[in-house]
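This structure is in structure tokens; I'll ask about it shortly.
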Amino acid sequence: MKLVQKRSKKTGLPPGTLVHIGEKKSDKVTITTFHYADGYCEERQLDQPDLLAPPTDESVVWANVGGVHRMDVLESFGKQFGLHALLLEDIANTDQRPKLDDYETYFFLVTKMLTLTERQDVLVEQVSLVLGRNFVLSFQENGTDVFQPVRERLRGGKGRLRQSGADYLFHALIDAIVDHYFAVLEMVGEKIESLQQLVVSDPKPETLREIHALKRQLLFLRRAVWPLRDVMNNLSRSDCPFLQHATKVFFRDVYDHVVQIVDTIETLREMVSASLDIYLSSVSYRLNTVMRVLTVITTIFMPLSFIASIYGMNFEHMPELRSEWGYPMVLGVMAAVGIAMLVVFRNKRWL
Amino acid sequence: MKLVQKRSKKTGLPPGTLVHIGEKKSDKVTITTFHYADGYCEERQLDQPDLLAPPTDESVVWANVGGVHRMDVLESFGKQFGLHALLLEDIANTDQRPKLDDYETYFFLVTKMLTLTERQDVLVEQVSLVLGRNFVLSFQENGTDVFQPVRERLRGGKGRLRQSGADYLFHALIDAIVDHYFAVLEMVGEKIESLQQLVVSDPKPETLREIHALKRQLLFLRRAVWPLRDVMNNLSRSDCPFLQHATKVFFRDVYDHVVQIVDTIETLREMVSASLDIYLSSVSYRLNTVMRVLTVITTIFMPLSFIASIYGMNFEHMPELRSEWGYPMVLGVMAAVGIAMLVVFRNKRWL
Amino acid sequence: MKLVQKRSKKTGLPPGTLVHIGEKKSDKVTITTFHYADGYCEERQLDQPDLLAPPTDESVVWANVGGVHRMDVLESFGKQFGLHALLLEDIANTDQRPKLDDYETYFFLVTKMLTLTERQDVLVEQVSLVLGRNFVLSFQENGTDVFQPVRERLRGGKGRLRQSGADYLFHALIDAIVDHYFAVLEMVGEKIESLQQLVVSDPKPETLREIHALKRQLLFLRRAVWPLRDVMNNLSRSDCPFLQHATKVFFRDVYDHVVQIVDTIETLREMVSASLDIYLSSVSYRLNTVMRVLTVITTIFMPLSFIASIYGMNFEHMPELRSEWGYPMVLGVMAAVGIAMLVVFRNKRWL
Amino acid sequence: MKLVQKRSKKTGLPPGTLVHIGEKKSDKVTITTFHYADGYCEERQLDQPDLLAPPTDESVVWANVGGVHRMDVLESFGKQFGLHALLLEDIANTDQRPKLDDYETYFFLVTKMLTLTERQDVLVEQVSLVLGRNFVLSFQENGTDVFQPVRERLRGGKGRLRQSGADYLFHALIDAIVDHYFAVLEMVGEKIESLQQLVVSDPKPETLREIHALKRQLLFLRRAVWPLRDVMNNLSRSDCPFLQHATKVFFRDVYDHVVQIVDTIETLREMVSASLDIYLSSVSYRLNTVMRVLTVITTIFMPLSFIASIYGMNFEHMPELRSEWGYPMVLGVMAAVGIAMLVVFRNKRWL
Amino acid sequence: MKLVQKRSKKTGLPPGTLVHIGEKKSDKVTITTFHYADGYCEERQLDQPDLLAPPTDESVVWANVGGVHRMDVLESFGKQFGLHALLLEDIANTDQRPKLDDYETYFFLVTKMLTLTERQDVLVEQVSLVLGRNFVLSFQENGTDVFQPVRERLRGGKGRLRQSGADYLFHALIDAIVDHYFAVLEMVGEKIESLQQLVVSDPKPETLREIHALKRQLLFLRRAVWPLRDVMNNLSRSDCPFLQHATKVFFRDVYDHVVQIVDTIETLREMVSASLDIYLSSVSYRLNTVMRVLTVITTIFMPLSFIASIYGMNFEHMPELRSEWGYPMVLGVMAAVGIAMLVVFRNKRWL
């Protein structure tokens, strides 16, 4: 997750100019289409979007595009479905904030998909969705397969998916994306829980680094999810004619999920901040204990050495030096002073 | 209280699929029903929800379900009362944020119940309430008995409960839940008061741990109560036909309680933060005092030892060494230097 | 000022049940009534609220009750003036947040009265006011006499109080309460000013304790005053028929006072926070100065002692030891080293 | 700038009672009046407001009063222009928050005037303005002359001031007040700039005190300016009949200035906070450097002294003591050890 | 970027007086005009704005002025296009906050242009734009050439620019300005990334200074961009007749960019704050490690020196001194004590 994406190559170009912004992870672009109605479902893999069959009044077309770096593909979709040049530009630019644009004859939704790799890293991928009266277009930055369950439900024909219109499919895709957020949150939550053990038992500079990495990750999560709240709220209250009333309750359901996710992110952020505080006071407490113990040791030996140095003086007239019991008595005094100091320091709990 | 609940087992399932999310604490599900009208009240324990008698126009039915992990029970209720699939899904998922959904012919309210165990731990349990024109359904995660007083009032027939409609029963249940919040807040408040003594008199790392535990607990409390404010506000202003005007003043009363609770939680949070500050400066003050005293001791012995080491030198021509009064004079000088330093340090309040 | 009031004794009781919450400071309940119109004013002390004369269309009745722990008194008022059970419950519960409830035929206002004892402690007392078309009821938790000036104005008959309706009396009572807030703020302001001197000149742990006590006091003040802002704003904009237009400008005046108070509280809070910061850095600066001076002393004696210990070695072949000028030369070298270090440290401003 | 003004002498007085709150700086009250229309302008100094000529339909009267501590002057103005008692009370009370009150036949504006003394101190003075259809009254706390440029423009008759109505004069006065804010901000800005140099190059406790003084000053500035934003916004959007449409664009211009000032104050506050942070870490860095150097010196002499003390032991059988090269060899070892430690510590950058 | 601009030279002047505020970077003022319609484009360099040809109903005139310090030029434009005196004043004053003023027959937009110099410094320049029905005026503080791409598109005649009205040109100019913001953000983002490496690997006071410089830069960026959000939102929702519906979608596009920029700035600010935290704890950790190691060394030599000083005492009766194995045994004990302490300290990880 880079802090700021390279966008400067677009500087000076007129708006609507198609330029891919982001990292190109593979060269291929995959296009999968579903053409379905109640009791009917045709699935195809296309090379060219031109070959796409147009939807009829009763059927729905869903085209899923994996990869947004081939401008000819985007332009071809634009021509076929009458999409605005700015919309195509936004699809090609993977550094978008989640948003919902109402282009009157279709909705345009940009969102971020969060998935976990096998090594528990968070992958962020931009997904753009276009909802028309009887078609849905989905553009994925890399083509990670989170829509598999939706495809299965379409193929199987069970549930209400095939009976419902394009708006319900639109909801199903968003729901599939939002569902994956929970997995990311669970992973982050577990990391924080284990961190909270660590900052008390064994605070190390690496722990600090981990805390800050988590903080940064949560910042990115929040940035990806926060605007989605308004987007889903608008969808569930929109009075657009091709969003059916019965579907809106499902958008409200997704809205509830997003609010829940935002809430959890805020809680996790407070937890990470608390971990940081505990880390700092834990480190400082440990160091202070060490320094105190060391200083106590030094302090105990100071008067003992002083006594010894007194009897190391070379005065001729020092009657103690000649006394037979001088040495053992001085040793005794030293032991007494040392033990007394130990007792005092221990009583004051300085040791 | 886990940071993030395991929700990932639902990933990929279509919305409305019933999956229990949360910990199953017992296997049994208890169903208690009340069928009452003015001057009439029948109470039953059911095994199957199918046996439920439907409410008439004059009577009210209240079914209370303890345990939400048996999907067949939820589905049976759904069929009998015509509940939306998403609503049932929300009941089964105990990781919900408090909310109020208006399904036109019934209201759906999700809230968190907070109770104290005998060991003063806070138990969080999700309670889902459905209010129809003449029925109330309540689904408790575990079935802790906070509704006992309501039952007693129904059985006794005193007060306005049996004379009023389903909306007043609905209010009585919410009121019973909110009443328990105060007990939790009292307990937390007392803990904080005793902590504030402790951080000054005897700050230890365990105190820090306790402060952070309280902070976390308050975070969870806030998360459970905060959304309830809007919920109760909406209820007290709703113009739904089956919420009678006379009942709304009672919802406003509960709203006032919730606002009071939110307010108290914020105050307690500020108190905990202040405790943390005091703890940190108290620990640091104590350590600094110790270090200062130790360093003062060391500093006092430095010149004394230096004087002794001077007369420990082995030069042949050191006239003082031969003087008869050399030894006592040096001792006197040492005592004078030592006492002078003590006096100076004490005057400067370094000791 | 306790953090959380004991409310748990109400748990499980139906709403509208009268239970006194708070500390009972005396057993007696005093009831004072004024029955007045232009050119007429009758004042009485009652034992029983039953004996209250009802107001006529031209006259206004004001009953002031000191003490809210006798439920029979509250109930009697409730019956006579047709007050809602929830309202009576709120009067008896002294742990209320300031609020304004519109019961259509009367307004109900809960507010906190702040007074100073002779020892400059802040006393918080709940005052509940009921405003009807031609009556005002005021319920004070303990009966501290802040309404004395209003009584004098009623008795004297000067000013517009006796000519105006119940709404103006209502305003006069609130104004009397809010006026006392300024005295409390003045006292807190003076304490903070003297604290800001102290944290620089003589920071001690007690200073810290005082800072936190002030912080807590301001928190309670804010909690008492903040909701009053909305209350007064609503009153000054209300279109209720028994609030006359000419009176509303007076409510706006009180609103301005409350905004001023809220503003001052916020400023005082920032000042207290600043004091805390200065205290902490002042304490740390002082300690650091002490440690630096002590360490410098130690550091100066280290090389001196080292030189002495060299000539304390017992080697047979140490030519310096035999030289007649050895001893004074070594003393000279020591003095030179010591003075050089002193000069260097002083130049670097380490001493 | 005191934290809290003495207002308590008003406690218990009925609203509308005229009491001067604030410091009385001089005893005299100066009244200057302008009576003007297009092509005509008469200027007078009055002793008594009674002598004021009333404005005609075509002319405008502006009366400027310096000093608000003479209640008879305020009352005389009140009678002549029909001003509300609360308004006069607000003029006499110099502890007001900036506000705009709409009394239907006139506007009442309270604002704070900030001027710089020659010693770069900020003077705060309350200015109250009353705008009627064809008159403007201005009441200054002390009578500092910021309205001189407006007087010159009136006398000279250039510009649109004499051609326009009372509302434009009203604007000109506010504009003159707001213009002075910029000078105060410039001064504060310069102080902060020089402070930011100081905290790095030479952090001293006085610097800290200066930082906190600036913080406090900015807090007062913000408190004086913040409410003015809403005031000016309301003025520029007001649909009051005696505010002409053409004048509103000038109020919007003042509104822009106030927003700019608020913005700058916020920036300056962040800068001061940053200075505080830099100060603290700069002080701590310096101290730490000192302590590290001192401790390194101590640490280097520890092993050297130890070696010397070994050969200071009085054992009879210590062969080294008799060796002719013992002494120089020990000195050599000491030098080697000392230099080695110096090199190590320097390599580790501890010195 | 100065904290506060010198504005005080305007104090006392009537509004609408033209005074240049800001630094004059060159003396020359350049005026470039484009007069174009579909299929026609005339470009001219003018010395005097008087020579400007007026736009016809079908054509659009764009005049770009580099430099705002010549008042006669501004006045001449004001006369020719009927601009308000306050507008001209705002153009001349380069210390404006971004804003949009609606003067009914034209819009006035003030914005900040951010460009990077070759040495990666941020240049801030004020750009004022006036949009009339068929003309656009742009006033640049210094005349940095960010409008070059727009000029090329006008000359080339490709794209929709020449076919569209003045509103689309207006959009193109704003878009060109906003595009440059991304470059500045990229640079800041890269600086922060490299800083985050540095604070861990090699924290130095200069790093701190750099962090605070970045913080300040981001504060200025935010101040320049934040108000633009509302401006663009208002433009995209305005119902002004000379903003065509088709153009508004482009304004919404710019609005999205600005929101994205604001978002990024907030993220960068949090990153800088995190860097500061890491810097501080990193510096403190390093110092603490050093002090601990040094103190451990001192502590190890304390008992060794003490043992040596015991056998340096001059008692006559010290049997060990005469023993042949006394010396090696004492050396052995010393070695044992030293090694034991080393082992203990290392086990406790104090070394």
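In this document, chain identifiers A, B, C, D and E correspond to the written order of the chains, with residue numbering beginning at 1 in each.
Everything below uses one rule, namely that contacts are C-beta pairs under 8 Å (C-beta built on N, C-alpha and C of every residue); 3 or more make two chains touch, one makes a residue touch a chain.
In this text the structure is predicted, and so the values were computed from the model without any measurement.
Visitor: Ignoring subunit B, what connected groups of chains are left?
Guide: one piece
Visitor: Show me the overlap between the contact partners of subunit B and those of subunit C.
Guide: Touching subunit B as well as subunit C, we find no chain at all.
Visitor: Would you mind pulling out the distance in Å between where the CA atoms of subunit C average out and where those of subunit D do?
Guide: Distance between chain centres: 26 Å.
Visitor: Determine the centre-to-centre distance between subunit C and subunit E, using the mean Cα coordinates as centres, and give it in whole Å.
Guide: Computed value for the inter-centroid distance: 43 Å.
Visitor: Mind pulling the subunit B residues that touch 2 or more other chains?
Guide: 291, 295, 298, 302, 305, 309, 312-314, 318
Visitor: Looking at which chains touch which, would you call it a line, ring, star, complete or other?
Guide: ring
Visitor: Follow the ring of contacts from subunit D in the direction of subunit E and write out the chains one by one.
Guide: Read from subunit D toward subunit E, the cyclic arrangement is D, E, A, B, C.
Visitor: In the complex formed with subunit C, which residues of subunit B make contact?
Guide: 148-149, 153, 159, 161, 171-172, 175-176, 179-180, 182-183, 185-186, 188-190, 192-193, 200, 249-250, 252-253, 256, 259-260, 263-264, 267-268, 270-271, 274, 277-278, 281-282, 285, 288, 291-292, 295-296, 298-299, 302-303, 305-306, 309-310, 312-318, 348, 350
Visitor: Spell out the part of subunit B that touches subunit A in their complex, as residue ranges.
Guide: That would be residues 2-4, 6-8, 10-15, 84, 86, 90, 95-97, 99, 101, 103, 205, 208-209, 212, 215-216, 219-220, 223, 276, 280, 283-284, 287, 290-291, 294-295, 297-298, 301-302, 304-305, 308-309, 311-314, 318, 320-324, 326-327, 330-331, 334 of subunit B.
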